[in-house]
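Structures incoming, each one as structure tokens.
Heads up, the next two complexes both have subunit A, just with different partners, subunit B and then subunit C.
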Partner chain A sequence: MGPLAINEIISENTNLFLAFIIGIGFGFVLEQSGFSSSRKLAGVFYGYDTVVLKVFFTAAITAMLGLLFFSLFGWIDLNLVYVNPTYLTSAIVGGIIMGAGFIMGGYCPGTSFCGASIGKIDALVFIGGLFIGVFIFGIGYDLWDGMYLANFLGAPKVSESLGLTDGIFAFLLIIIALAMFWVAEWAEKKFPREEY
Partner chain B sequence: MKPRTLLALFIIPMGLIIAAVPQNKTKPYKLTADELLAEVNTRTQYLTPDAVADMILKKDPSLQLIDVRSQDEFEKFSLPGAINIPATDLLSEQYSDILNQDVKMNVFYSNGSLVANEAWMVTRQLGYHNNYVLEGGLNYWFDAFMNTQKPASTSSDEEFAKYDFRKSAGLALGGGGVVTATQEQTSASAKPALKPAGKKKKAAGGC
Partner chain C sequence: MTKSKERKVRPYINPYVGGVLLGLVLLAANFVSGRGLGASGAIKSTVVTAVTAVAPSASENTAFVKEFRESHEGNPMKTWLVFEMMGVLVGGFLSGAIAGRLKFKVEHSPKITSRRRLIFALAGGILFGFGSQLGRGCTSGSALSGMAVLSLGGFITMMAIFGTAFAMAYLFRKNWI
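Here is the complex of A and B:
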């Protein structure tokens, strides 16, 4: 049955429209959970507030379980679901740059738009920086396209490279996530902050 | 109860279930049995040998002949420009790009029509388009082009036109009318496009 757009059950335009609706819902939930505060996001790195980690990991696990169960019931063909291709070098370098930006700016790209939508100045500045980064990357593409495209691995899944079935890997990830939540809450008690 | 405990109580059993059940690797069929039966009855998947020969001679770039016989048989003889996808490996990942596409016209052939038709039914049920079957398979192909029978003198002009086409197509496709089912001669390959140049040609297939 699914993916709906690929199997031509809904049109490409309906697909975009649904993405728009879901996107608004996503933004609303982010804002309601307090993700439009840069202090809350930076809190993950200092340990005083780890709600971001918990929310995103819970979301990932929910989506993962949902997809696996849908596949089990024959509601979605996982072979047709797009998996981002992996360019190992640029994934590592990009991860470091994004992580540094995350700590310094207190936003990730999604939450910065969330913050901007309720008029936060720092979020607007962050978005400005985001566009400067995109611009520099585009202008200097010839300088780093070698690194950008290095170590192409196709679109592997972690479960495949570990030789596990998707289900067993999912279960391990759930255990890891719950352990991380426990550590995160321990950190919140260890490094408390009164006002932020 | 703490939210974390509540979450754990829900997702750990879910994770255990998903870890325990086998992965769903079935390829969902896109056509229902009724739809497939309706398509089978129209017989639109068949291409006549004359239509295929015409495309080969015109070097039609959209034509992709696919030999669904075993590799052994393929190496002994194949039609010009054909590729080999043994029917047993039809669902192998490496061939899905060839079978599931919107550009070329894939024509399955085997010795008779049976195996080619099976390949067509499987791919059609997976929702693939642009796959066809060579009517009559190689047996009929040889009958038509390598062993062309002159129509009776009372036949219609159409029959004679068909005969003339088959005779000249047979020549161009390398048969030259010298290969018959009983002679088992070395093929006098007129065109380099014919793959097993110089090889002994087996009698026209046989189911």
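Here is the complex of A and C:
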């Protein structure tokens, strides 16, 4: 059955319309969770507000389990679902640069749009920076295409790389997430902060 | 007279409930399109469109635009992530309207000025924009969506993003606490 667009159950235009609807859900949930506030987002790195950690890992696990169960029920063909390819060097270096941008700017791209939608000027300026950053990457592409394409590993699953089945890996990730949630709850009590 | 001051701001939802809901949105994205959520991809589409409009001949020869065109047929603005991000603006606005959080402001720690906050926001945005291209997606497209499909690269990028931000947090503490 799924993915609907790839199996041509829905047309390309329907797919784009649903993208818009899914985007509304995405933006709504981000804002309701507090992701429109940079100080709330940055809180995870100081322990005073760990909403990012809780929402992020709960979401990843929910979607991961959803996909595994959908596959089990025959509702989705996981072979047709895009698995992000792994270019080891750029995954690490890109992640490091993004991490620096995160702690300096207080947003990531998705959350900055969410913040801008409720009037945060700092989010709007962050978005301006995003455009400049993408543009710089584009014009200087020849300078870093070596790094961009280095150490291509295909599109391996983390479970395969660790020699585990998808189910066992998901189970271990849930245990790890629960341990992190426990630390997060402790940190929020230890480093309390009034409303901001 | 006091009525406007009593503008009620609703509290945020429970983060675990928010996480489950976000996970369901991500699941829906995969079920419908066969791919997860994203954000930086929409910015890339916009940048490609803008440079193509401003300098058509020069941009067609750059590897960045070429590579984009090879993987995206037709109008670069008619892509899944562009429509999704338009939805994000609408969804965020609706949520903010319902909760009473619509307000123009520069959010920053009382220890720093708005100006300093905006300079750091711009610098952070530039770095994040650049990094998202190198890392083939941002926190949404690479880290979160990658993790949901168990992508090794997704997990690595997620750890690099959060690990670096955590390691550098002390340097920038004045901006936040």
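Methods note: the second predicted complex is superposed on the first by the 195 of 196 C-alpha atoms of A that agree within 3 Å, B and C clash if a C-alpha of one lies under 4 Å from a C-alpha of the other, contacts with A are read in each partner's own complex, and residues count from 1 in each chain.
Operating definition for what follows: a contact is a pair of C-beta atoms (placed from the backbone, for glycine too) under 8 Å apart; a residue touches a chain by one contact, two chains touch by 3 or more.
The model shown is predicted, which means the values in this text are computed figures rather than measured ones.
Overlay on subunit A: subunit B and subunit C fit together in the combined arrangement. By the touch criterion stated above, A:166 is placed in contact with subunit B and with subunit C alike.
By the touch criterion stated above, A:88 is placed in contact with subunit C alone, subunit B being left untouched.
When both complexes are overlaid on chain A, the residue A:185 reaches subunit B alone and has no touch with subunit C. In the superposed pair of complexes, A:128 makes contact with subunit C only, with no contact to subunit B. The wider contact with subunit A, measured as residues touched, comes from C rather than the other of subunit B and subunit C. By the touch criterion defined above, A:144 reaches subunit C but does not reach subunit B. With both structures placed on the common chain, the touch criterion links A:61 to subunit B and to subunit C. In the superposition on chain A, A:98 contacts subunit C only, with no contact to subunit B.
Of all Cα pairs linking subunit B with subunit C in the superposition, the shortest spans 7 Å. Overlap of the subunit B and subunit C interfaces on subunit A: residues 58, 61, 78, 166, 181.
Within the complex, the subunit B residues that touch subunit A are 4, 7-8, 11-12, 14-16, 18-24, 26-28, 30. Residue ranges on subunit A touching subunit B, taken from their complex, read 1, 7, 58, 61, 65, 68-69, 71-72, 74, 77-78, 165-168, 170-171, 174-175, 178, 181-182, 185. Subunit C contributes residues 12-13, 15-16, 18-40, 43-44, 46-48, 51, 62-65, 78, 80-81, 83-96, 99, 101-109, 117-118, 120-169, 171-173, 175-177 to its touches with subunit A in the complex.
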